[in-house]
Amino acid sequence: MREETGFTPVGDFGTGELAPQVGVGILGYAFMGKAHSNAYRKIPYIMDPPPAVPRLIAMCGRKEDAVARAARRYGYQGYYTDWHKLLENDDIQLVDNCTPPFMHHDPCVAAAQAGKHVLCEKPLARTAQEAKAMWEAAQKSGVKHMTGFNYRFVPAVRQIREMVEAGALGKMYHWRAVYLQEGGLPRLCRPMKWSFRKGLAGGGAVNDLGAHIIDLAHYLVGDIKTVAASTKTFVEERALPGAQGGTDKVDVDDAFVASVEFECGALGTLEATRCGLGRRNYNCFEINGEKASVRFNLERFNEFEVYSVEHGPRETTGWTNVLVTESYHPWISNWWPRGHVIGWEHTFVHEIAHLLDCIVNDRDVGPYGATFEDGYRASVVCDAVMLSAMTKSQVDIKY
Amino acid sequence: MREETGFTPVGDFGTGELAPQVGVGILGYAFMGKAHSNAYRKIPYIMDPPPAVPRLIAMCGRKEDAVARAARRYGYQGYYTDWHKLLENDDIQLVDNCTPPFMHHDPCVAAAQAGKHVLCEKPLARTAQEAKAMWEAAQKSGVKHMTGFNYRFVPAVRQIREMVEAGALGKMYHWRAVYLQEGGLPRLCRPMKWSFRKGLAGGGAVNDLGAHIIDLAHYLVGDIKTVAASTKTFVEERALPGAQGGTDKVDVDDAFVASVEFECGALGTLEATRCGLGRRNYNCFEINGEKASVRFNLERFNEFEVYSVEHGPRETTGWTNVLVTESYHPWISNWWPRGHVIGWEHTFVHEIAHLLDCIVNDRDVGPYGATFEDGYRASVVCDAVMLSAMTKSQVDIKY
Amino acid sequence: MREETGFTPVGDFGTGELAPQVGVGILGYAFMGKAHSNAYRKIPYIMDPPPAVPRLIAMCGRKEDAVARAARRYGYQGYYTDWHKLLENDDIQLVDNCTPPFMHHDPCVAAAQAGKHVLCEKPLARTAQEAKAMWEAAQKSGVKHMTGFNYRFVPAVRQIREMVEAGALGKMYHWRAVYLQEGGLPRLCRPMKWSFRKGLAGGGAVNDLGAHIIDLAHYLVGDIKTVAASTKTFVEERALPGAQGGTDKVDVDDAFVASVEFECGALGTLEATRCGLGRRNYNCFEINGEKASVRFNLERFNEFEVYSVEHGPRETTGWTNVLVTESYHPWISNWWPRGHVIGWEHTFVHEIAHLLDCIVNDRDVGPYGATFEDGYRASVVCDAVMLSAMTKSQVDIKY
Amino acid sequence: MREETGFTPVGDFGTGELAPQVGVGILGYAFMGKAHSNAYRKIPYIMDPPPAVPRLIAMCGRKEDAVARAARRYGYQGYYTDWHKLLENDDIQLVDNCTPPFMHHDPCVAAAQAGKHVLCEKPLARTAQEAKAMWEAAQKSGVKHMTGFNYRFVPAVRQIREMVEAGALGKMYHWRAVYLQEGGLPRLCRPMKWSFRKGLAGGGAVNDLGAHIIDLAHYLVGDIKTVAASTKTFVEERALPGAQGGTDKVDVDDAFVASVEFECGALGTLEATRCGLGRRNYNCFEINGEKASVRFNLERFNEFEVYSVEHGPRETTGWTNVLVTESYHPWISNWWPRGHVIGWEHTFVHEIAHLLDCIVNDRDVGPYGATFEDGYRASVVCDAVMLSAMTKSQVDIKY
């Protein structure tokens, strides 16, 4: 045929010749389900070669119409409406839990017990106790386990981690991190949902946004020793969704502020809010060390700033804005030439590629990926923030 | 089966049920081939619903090993090593030309004559004359034709275009645009390649980078009336690649500067360089109008700045940094919640989705997409820049 | 004579014809002495008309050579080496105390008792108790009293205050302020001096830098209700100055972090450090309100940022960088045309002109100037920060 | 007396003991007159020791009431209404011409012929021819002569000049400079004044703003070889001031754009406008060299940005924002501790102190100060810009 038409057919890259396959079952199909599915779809052709080729076996969700539609849209072979059934599917080696916190513990524990690797969105659980049980179950079963702290997989953040490891910052004196959003502001009138309910979410800004910056503090500075915090619920009642009307009481925080001390001697601040007018997704941290300081802001995803006493003559010392798009920056060689910026979604490509690599090559998820232990440790600090706010006392962290 | 396992299979979203299919044949598999292929792969699930579902029929390239590997990687059904053959494939409705300029004219004209829609990377051709022939061929055949001026599909740029159309800027007085890169600097010792040869590229920074900002000038301000320019080749010889050694003469510019007047009365500057140390991909423009001014910088892809006399009280008038990630900003509703930034690659998703929409719904590619006419018009100005530099005189633009 | 030479002599502007005169005696001639003296010298010709014309009567300092030299340099009529004597000079109506904290209480109380108006540098005293005595003495004597919180007199800060008063921010949810310097870093090896001694300074970063941002919190947000803090001394010993060698123990903090709650319901963070590598004089705060947010950074003295839900259409909503150099911005009409920026020293011109106006026109120093009461209130919070750090508990503020 | 009162009088620093005195006569008392007078008043106490102590002998202006008032306000001994008479005053050694361009030639030439040193505001003259005559007169008389290109005396600019001299930038490839203001916009309805009249000003934005950036180009890059430009008068008629009404024709440009080639081989752009909405005083330039690039923006007076291939490891290469407030930065040791920013007015302190030093110590005004030759050279380029715009041809620069 080729002689006539000139056309040579090629096989499907998904067959496992280029790279081993890993069957994926995913719980949830909303924001995180979309973000993870996008990553599974991109890994095979963006990474060359990919560590593994994900086979999108099934989505799972409770609303059949919606999950069927999403499964088709994102290219899964099919769907489930009961996660217990999904766990029985032998084609699935990796269970990816993209549901809200109240749906994290049971499926993750059962998946691990069923011998499946588990990726769970953050926060790992509603409480440290729940998170610990998940970590223990995963450890016991010997599967790979990962908490979805995707900001470890921002190239700039990984670059900073490498600088910390290499001693470029020297002794660290200060950590300050905020994660500011504005979706909870009264003027937006967001109705009641799971994220405003303690029983479903475990906490408010503390668990949702705070967990991210607490994990980054662990990742970049180390163990936290004490925390002293205040929390606040600015909007105490929210309208119930739907036609029936009425309101219900919010029993989680809209915001928290915390002063912390690290084991290494550094001081820190942590703050998160859903009422930070003008801040879309402002996850911003700064470290001041003896030899260098760094600053990162998620809204300027492709950049970070560094001040180093070792760079250049004193007349031109200052904060250097680094565009993290060079081939020698973390993960960038998978993407585009310098100056062609990448986006937020690509953190999941890096994160999941890392997990797939750990699965097929039996590598450790940590320290660059967040394990369930890291998820647990973040929950310990989240709980301490809430305890400190309640007791009006500084709380010692016991991981 | 479902009763037992709980699994319900779903069909492939590529079958054309959700949206019509468009068969794609692509020439080239390097930088642009990757960027376009990524777009074809993302459109079906990122857009909901997509305007059309691309069927990736074939890639074409001269090096068989490489094109075979790329076709498989990006999920094409097969490949060709001869573009004439590709044009004979009836499954292909859209020919996407991602080759260097010297390979633009012949395949594009032939594709149009074969009744296939054509997308051609920028610059459309080596000269305005060549570009005009392509435009005429495409027009005559009645196919959809698009020049790959993808920066029209940056959400910020489209937002600015909408502001211009709505009269938000008022009469325009100034346009200033630079496109600065640094790949041509002596210290990088880049070897000779097609982009340093006039016979293959048509021009240097003028055609490669300049064409982009000339198109943006046309898109946002309008027709150019006169241009006065200087060009410069900073590195006059480059090493030949490969083992044999030797150097060859560069016969294109490394940089140009130009002063322009627009038909609307505005003054402008245009500048592009391959020797702008520190500037990775700095495509930056500013417009000063009577009522508002705007500024955009490609390295801060998700932002633009606006100054308006109509926004707020005078005490707080200033340049507003707009994070273009709201659902009501162009294309953003396809992506993520506010503050979750997108990347450079996504311009191609928007661009190609627009073209697919034009194809399946018989809509006009312009004025939001760049047609071959727009590609030709940019070439006219590129040629005028080079003519002005040579003649040391201001050149009147005749489109 | 004029007929011949064309020259017409004019009188001295210092004679009190243009404006009343106020005799000034100043204690201290170092950093603050220079800054205040500069202000006294500029007021008569920069302000048109000035509220009053300062007569520079005398400087006072303990080192005779140095004070004599400084008095001459800055244009004082003479000097004292004993502040008690200075207070006996009837030409002096305003005593300006530019000495370190341990020298604040006695001269200020005595000056007030002598019926002289008093300007005292910040922090007002080493402790709230000491500050309270100063405030009471000043109140009792009926003189004008001002604490040198000069950052209230940054045009941007005053503009923000006016926005707060006008309700432009709406209900306030968040305050976050840092004051970061780097002079205490180990690598700089700064020797022991009064600012590292609790007995002389009252505190470290808490009193020196913290007092400024606590005053700004009071000025812009209101009363603080609770504070939970940690402090740290990173450099525990410092070399004694001079040839004899040896080191001494630092007994003040190098840094503190604090979480606060305001009476108005807002949450806040406060942080100051002498070990913030890369931060020269980074006094930066942000307020998030229901209707607008603002941000100011002292290193960008002539600017502030504002985000308002009420400015412009939603497509162009964002953070507006305001260049505070318009004639309608606070104090700017005294200076230069728009865009011609002013500097840090000019805060003292505004501050002292305000005090002179209060003196000659019997106006209130507050709420725009900081009184001794404001100085005391800042000290209450400074003390609470240190108490909270010591007791590891949240402290309720009792002004 | 001292024993009793403790008071020791000190002499006036203006007596010439600390430093030689230089008698000053100034023409003009408006914007520039205020800025220069402020500098004369600050030099004696800000600089320690000052190079000289200015004696403010006389102001000169045509409106007697106004000049009398200004002379008194700024502390001159008296005033003249006829500059010829001022030149007869033997106490005056330095004539400072702060008048509009049409008043530059005659008084400056006469002053030089009278053996007085001359400082003249920019542009030096209305035309290069006029400027050349001034330069020749000054040269012939042997006096010190300076053109008021005060931006050479911005610490950041001087720092950049020192970097250029030290070879830190390497070969220079690009210069791009804009000077954007907005005072000429139609919506502001500024009435007719001298600056809109060719006979009085010599040119519009070209002479007023353009001269500044042309001088900076000379100062930092070197001789210009060719220029190709367009000019534009956006507002062709302006209302006559005063009650009588009516309009008059503007015969100068509101804006120009120019492409230039330097003798050193660099390409450049120059642009200035009075219609750059949102740009208050945006004098901004960038140089791209082989080893380093720099960028400065007058609205961020205390900063500049530098990118150097020699600073730090490649992972953290980027644009460094330098806060130019260190004691080792140019002139800063006269001012305040690091991070305490200075303002626009202080350029005149540096400039005039330099001139005084040249006068009393017989030093050369150039190359750090701009001489009349530099003023002439800037005028040559201004004239060439206008000629190129008129002839629609590139113009070769003949200094």
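As written, the chain order gives the labels A, B, C and D, with residue 1 at the start of each chain.
By our rule, a residue touches a chain if its C-beta (ideal position, glycine included) is under 8 Å from a C-beta of that chain, and two chains touch if they have at least 3 such contacts.
Values in this document were obtained by computation on a predicted structure and should not be read as measured data.
Comparing the chain pairs B-C and A-B, the larger number of C-beta pairs in contact belongs to A-B.
Comparing mean CA positions across the assembly, the chain most remote from chain C is B. Averaged C-alpha coordinates give centres for chain A and chain B that are 33 Å from one another.
Work out the mean CA point of chain A and of chain C, and you get 43 Å between them.
One finds 54 Å separating the Cα centroids of chain B and chain C. Multi-chain contact residues, meaning those touching two or more other chains, occur in chain D at positions 279, 318-319, 323.
Touching chain A in their complex are the following residues of chain D: 159, 162-163, 306, 308, 310-312, 314-323, 326, 328-329.
By the touch criterion stated above, chain C contacts chain A in their complex at residues 173-174, 176, 178, 180, 185-187, 226, 228-230, 232, 234, 255-261, 265, 267-269, 271, 273, 275-279, 288-293, 307, 309, 318-319, 388, 392-394.
Within the complex, the chain B residues that touch chain A are 5-13, 18, 31, 35, 37-38, 41-42, 44-46, 48, 58, 68, 71-82, 85-86, 88-89, 181, 279-282, 298-302, 323, 325, 335-346.
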